[in-house]
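Naming follows writing order (A, B, C and D), and every chain is counted from residue 1.
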Amino acid sequence: MDQIPKAVFERMMSTDYFSQWMNIEGLEHREGYARIRMEVRKEMLNGFGIVHGGITFSLADSALAFASNSYNVLSVTLDGFITYPNPGKMGDILTAEATETSANRKTATYDVKVTNQEQKEIGLYRATVYRTKRTVLDE
Amino acid sequence: MDQIPKAVFERMMSTDYFSQWMNIEGLEHREGYARIRMEVRKEMLNGFGIVHGGITFSLADSALAFASNSYNVLSVTLDGFITYPNPGKMGDILTAEATETSANRKTATYDVKVTNQEQKEIGLYRATVYRTKRTVLDE
Amino acid sequence: MDQIPKAVFERMMSTDYFSQWMNIEGLEHREGYARIRMEVRKEMLNGFGIVHGGITFSLADSALAFASNSYNVLSVTLDGFITYPNPGKMGDILTAEATETSANRKTATYDVKVTNQEQKEIGLYRATVYRTKRTVLDE
Amino acid sequence: MDQIPKAVFERMMSTDYFSQWMNIEGLEHREGYARIRMEVRKEMLNGFGIVHGGITFSLADSALAFASNSYNVLSVTLDGFITYPNPGKMGDILTAEATETSANRKTATYDVKVTNQEQKEIGLYRATVYRTKRTVLDE
């Protein structure tokens, strides 16, 4: 059942004011997996007229957060590595897909791929999270 | 003279709409170095009530951009690694300081430290840039 | 034709004394791709009786070097990020497969996967290289 | 007292066959800190006649292991990021110094700097470890 991953996403999103500002839309929510989407607006550009690296990262980081908390175990990001295969542009529809690539009892690693509407890779993010003993949803 | 680093910062900032949204303020601009500052607002928080990891990253990434373009040689980020020593909070004044740690003819590596008003480390970012043949300022 | 990737591998391997010490065997060589293999010996273990992280990294790094130099354009590693999904053990046959995930004119990013004889992931390495103007093979 | 860090180093080193092969020498051992040294031999070179990236990494990774286990709490590396400011050469005396930059109850981040005999930076490594519930030394 994917009710818990979806409920976790909705609970997190309801107070995730920055993801709200990015106007993130949830597309798919499963255990250890999330796919989300947003459109690039003018206030997301950097001084060279392309998507600010921080926006690509933020979208990826939100996807990571939804995927890694999907078990209703509150997880925090320890660190992450991002590369930028291609620049994003104004008006692009960016999709971020986060997949769990390995997991131990207390930590897990995720790969997040950010692509545009033409399936071109805009960002590749790999990050490690730590699973706390708390839940996301109220008991 | 630090006129060029400052002019590059102002030129970039004038069209860096996301850094404008973050309300970034330039504090110090030298060759291979930048120090900038911003205040954490409500729309920068994530679903757990702390600063969204993407915001800490974005501030660090902007500092990197200002430092690595300070020679008036247009530079692009290849990749970067971020860790989060401590969570940032609503109302925090975050400062990002970017320092060049090594440079070859075509690439350079920077360390960026993000600290709050109590000098507590909120983010540590290390990134590599590629120097193009273009300038930032008009001839 | 895969003659050049193979010739580059043989040329590099002939003076790559550390890859020789690891007893690396070439399995497949194409443009932007390499697959190599080695067996874990006792002197590759760390103080906890498992494969030293540096050995897993070194195998991945050699695969990266063979893949990124396969065009006969001398390439140097700028930086890389490694994660360790599972520990490697004495006697394991480790295979490293390096794939080019993105490339611009002067830089490229590779993903390297290190697996054991049971296809279990032992290391995941992602690295960025810079392409110089030199060749690997003599003219 | 630095008796425990030193005892941990000696215990680990006694079965760390790869660090023995590298001929690593312990210079300084404190809680959350280690400084070690080795000399570059011919079998540590890569196909371009410089130090194999895996050797620089391995030295850094050993320093990390000694520093992060120094509390007599068995710690495992989750991931790490390495950059190569300058190439190492045959005969170089490389020193690796590992410092704890942040620590929570269950994870910690370390910076490791690898320098040669002229204090030139050969490698910069940043890594995150997870602290298990086991000890290194026998009770």
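Convention: a residue touches a chain if its C-beta (ideal position, glycine included) is under 8 Å from a C-beta of that chain, and two chains touch if they have at least 3 such contacts.
Not measured: the values here are computed from a predicted model.
**Q** More contacting C-beta pairs: C-D or A-C?
**A** Between the chain pairs A-C and C-D, C-D carries more contacts.
**Q** Sort the other chains by how far their Cα centres are from that of chain D and give me the top one.
**A** The chain lying farthest from chain D is A.
**Q** Using Cα averages as centroids, what's the distance between chain B and chain C in whole Å?
**A** Inter-chain centre distance comes to 33 Å.
**Q** Could you state the distance in Å from the CA-based centre of chain C to that of chain D?
**A** About 21 Å, centre to centre.
**Q** Taking each chain's centre as the mean position of its Cα atoms, how many Å separate chain A from chain C?
**A** Their C-alpha centroids are separated by 30 Å.
**Q** On chain D, where are the residues touching two or more other chains?
**A** Only 78-79, 81, 83, 109, 128 qualify.
**Q** How about chain B: which of its residues touch chain C in the complex?
**A** That would be residues 78-79, 81, 106-107, 109, 128, 130 of chain B.
**Q** Hey, which residues of chain B end up touching chain D in the complex?
**A** Counting only chain B, the residues touching chain D are 81, 83, 85-86, 101-102, 109, 121, 124, 126, 128.
**Q** Considering only the defined contacts, which chain C positions touch chain D in the complex?
**A** Within the complex, chain C touches chain D at residues 11-21, 42-49, 52-55, 57-59, 61-62, 65, 74, 76-84.
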